[in-house]
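Shared between the two complexes below is subunit A, which has subunit B as its partner in the first and subunit C in the second.
Let's look at the complex of A and B:
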């Protein structure tokens, strides 16, 4: 057994016994901070500035023409380390939606369990269609577990529209219509 | 098609290393026998089809030892080793048959450059829509592009536009842009099914796969073209966009459509089956299977599925169901209508029950038209299992006349029915209503299960493990792919508890334990254990059954005894 060493406690001096110097120095700190610049935020009224490339919650985005970019390739579902994503793929009905018939595939349901998500960003990295982005939203709340599983509509609403550089499906459609070839 | 006739081997040198391979192979197959690292990439070559040699992916360098033309002596180099005369240009591996002393280079700069070049040409008009392509994950083009592609395209011109969603037949959809013109599907139609419906039209980069006018790809083997398509051009309309293949778990199984017993692979995810594909077994089904066999899994999600043990139509638990069944059986006067859809293990236990209770046993035959390939006349998977188990000595008839007579005479008071619907095999329902207690074992609801006093819902072939004996007496194993409905125990456990008595513990905990019992008591299955049954199956001795006149006529791997004797 280890030996315990009893430390000798020094007796308090007279000024320490009165506590006055300690109170004074403490109050000096308090009042001093009143005139300094605040370091805290009045959350949730005030919100922090989110830096670029911040990894908030994953969301689904649309292109500037309002098209849902996800084609349900399920790579994000595959790569997701905590298995938070669950996609149910489906075929686009060409007769019902001739505008998008050439894309052929879309998610029927797209669920992300935000209680499982670890904000690693692998889904964004793996997405071949640039359809899923971890954006600046970081605060989630809900009363039940089911509420924390975000569906396709909610993810699209949170994601909004992001600029597109390719419009690859539009080019494909144009080529198909003119029968001239595409890139 | 490459077929090895002899057991001779030849010695060849692969990348400087000598190996022995069977004589008569082509370079692709020879390299496959060496190992994965020597694999020669290929698209148009298929082991069960003729050789077309049009994809040019399997280019390798070939050389033979040089000989002096006058004397015939080997020419030696400075170091005294035989000098190799390399063919100046690479040759295709699929149509090059190996010969003694041949030298093959599979990784030389020329070979790699050839493959890279072929890949680049194949990709110039390929749409690269892997994110929506069903073949992604099992696509040969995707795999070899990762190995031999350059990662970017030098092709600055416009890609060809071809039809993207052509309906070739009721079950096959074609995406022409993805097609690399390997012609495997065309050769399959011509050579295996003898139903010539596919062909190429137009020339050069406009070449397009299509059906001949007025025809469609509707034969019962059309989905095999989807399997052999090395890219995502031919897709299954049923499986299209359902699930990515990398999520699916593969389980080895056996098709129950007919006594052929095609080897299959069941692709499932989280207890749901998505598709069934053939598994190569050269003794049973080569690499093919029927379209009709691929759809059989849909019955397990049927509305008619029996999901609970019932007594007089009321749900009960398994213990009381077994107790009541035992009580009925113990009264005597038992008739058993067995099934050729039951596995060998179930039939073995049933045989024991029949022997114990001195029951009257009968089975019925299910016949249909054979197609000469992979559907035989006998539409049950395990009739020969009943013969092997000695449940039967002769072939069954279409109608259980003995049992009907027994019921009419009042000898049979309790009737155990396995999988059969009595009203369909000619037993009048009025007869059953009067005087007999039916104990029904089956997975789907039918007229008989409605009439039954006790119903034991059984598991489907996808939900249990066991073995079948196919038309050639090959003992084949099937494994459990998905769990059965909640609360159901396996069929062999139910039968075993029926045999031992309701309160006894099951005599085995695993099917392997049951197999030790089977091997002990059956002469034909002696020495076989559950682990010994490989995925290729085990051939059983069939001399004993030579006199039986089986209904099967000649098909892909079956010859009737009469024909065998004639040849």
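Let's look at the complex of A and C:
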């Protein structure tokens, strides 16, 4: 058993027993506080500074050329712990969009139920295409549960475009065209 | 002329109620603002009244100071749903807030708040009723406020209000003794033998034209200050409310306007307590200790003396609020210990010592 050390407690002096010096010093502290700068952030008008790598709501991003990056591999759907993501994959119509025919897949629908999402960021971590990012939006509201299920269009709109230097699918197309095998 | 002499007292009374209630409302705002400054916040700064609030610069300043909030608060209390719990005793339940507020407002009748010089050159107080037992009247009436709290606690028919009411009663009775004893030396000092002031508050103020009584009688002032904190149920003595252990205390079962009345009553008591402390110990409307009053003759002097008094009262209200947001609440047994074992003996000793001191002064100096 650990040794206990009995702390020596001095008996209170007379001035301590009256409480008056302590009360006076407490009053001085609070009075000093009145003239310090306030720490309030007046929220709707002033917004907090969002740090880098903040995990706000998950969003879908486009590449700088305005193309959807998601290829509906469904990894995020599988990894999502609260099962908030629902993806309905579809084939890219090669005749309608020959530029992107070699990508083969894109999501027909991509729903994230924001009421289920726990902002863990696993979807962002797992995405091989860097198509889903948790960005700095943190305040959501809606009147119904249905409204809180964000669809593909809304997610793309929230996501915007992130600078991306890879252009993976462009390179793959180039490689195919020059017959140098897979990039 | 006759008609006017009947009418004037009503006008005076109504205007005094107006000033007093405005002061109550704005001390609520002061409480919220000062507490937020102490805690590093900005406090209420959103409410805006349509026309005044839209004046370009002034409107923004007034809004930021929160000056429209009392009106918003009052309206909120008025338009809230009046909920009456099913288990209360109705008559007393409705009676309690009125009984809590009435004594606080009644005492202001004998409260002198300024002075004027009458036709014969004598200085007279500005007061609704200049009776020569002023302080006795205030002590008698203001203690009735506790009945409002007791009645609220009992009529609520529920345990937390009941406990709050019991605590508050015991506390008020305990501190009343010390308070009464602490102001006896003040009146011994103020009313010289043969003076015609007696127990009037005006006499006390007139006696402080040289030095204030807080300098002559610091112990009396301290005991009286602690006692009015206890009497007004303010922190560190707010045993009657004590949110942490009694939910809301005596007004737990009250809502809407009835709660509002309790709230106003609390602040009315604070204003009364502050005014009383200013009158008894801080020289009332006298300018500064050791300095002659600079009030000019005529109406300006009257207004200036009243404003100076009001300024001192506001300072005391600030002190009340400042203490509230600095000190933690006493435990109940500590409150009783302080009241009975420390303040009461101290007040008695103080009284006895001043009897001797005043007797010696009268014998050897005068």
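Note that the second predicted complex is superposed on the first by the 143 of 183 C-alpha atoms of A that agree within 3 Å, B and C clash if a C-alpha of one lies under 4 Å from a C-alpha of the other, contacts with A are read in each partner's own complex, and residues count from 1 in each chain.
As a working rule, a residue touches a chain if its C-beta (ideal position, glycine included) is under 8 Å from a C-beta of that chain, and two chains touch if they have at least 3 such contacts.
Being a predicted model, the structure only gives us computed values, none of them experimental.
In the superposed model, A:13 lies in contact with neither subunit B nor subunit C. After overlaying the two complexes on the shared chain, residue contacts for A:4 are found with neither subunit B nor subunit C.
Touch criterion met: A:74 reaches subunit B, while subunit C stays clear of it.
Once the two complexes are laid over each other on the shared chain, residue contacts for A:104 go to subunit B alone; subunit C is not touched.
Between subunit B and subunit C, the partner in contact with more residues of subunit A is B.
Contacts of A:128 after superposition on the shared chain: subunit B is touched, whereas subunit C is not. Of the two partner chains, subunit C is the only one touched by A:42; subunit B is not.
Common to the subunit B-facing and subunit C-facing surfaces of subunit A is no residue whatsoever. Touching subunit A in their complex are the following residues of subunit B: 130-132, 136, 157-161, 164-165, 240-244, 246-247. Of all residues in subunit A, only 23, 26-27, 29-31, 33-34, 36-40, 42 touch subunit C in the complex they form. If you check the complex, the residues on subunit A that touch subunit B are 71-75, 77-78, 89-91, 94, 102-105, 128-129, 175-176, 179-183.
The residues of subunit C lying in touch with subunit A in their complex are 34, 36-42, 322-323, 325-327.
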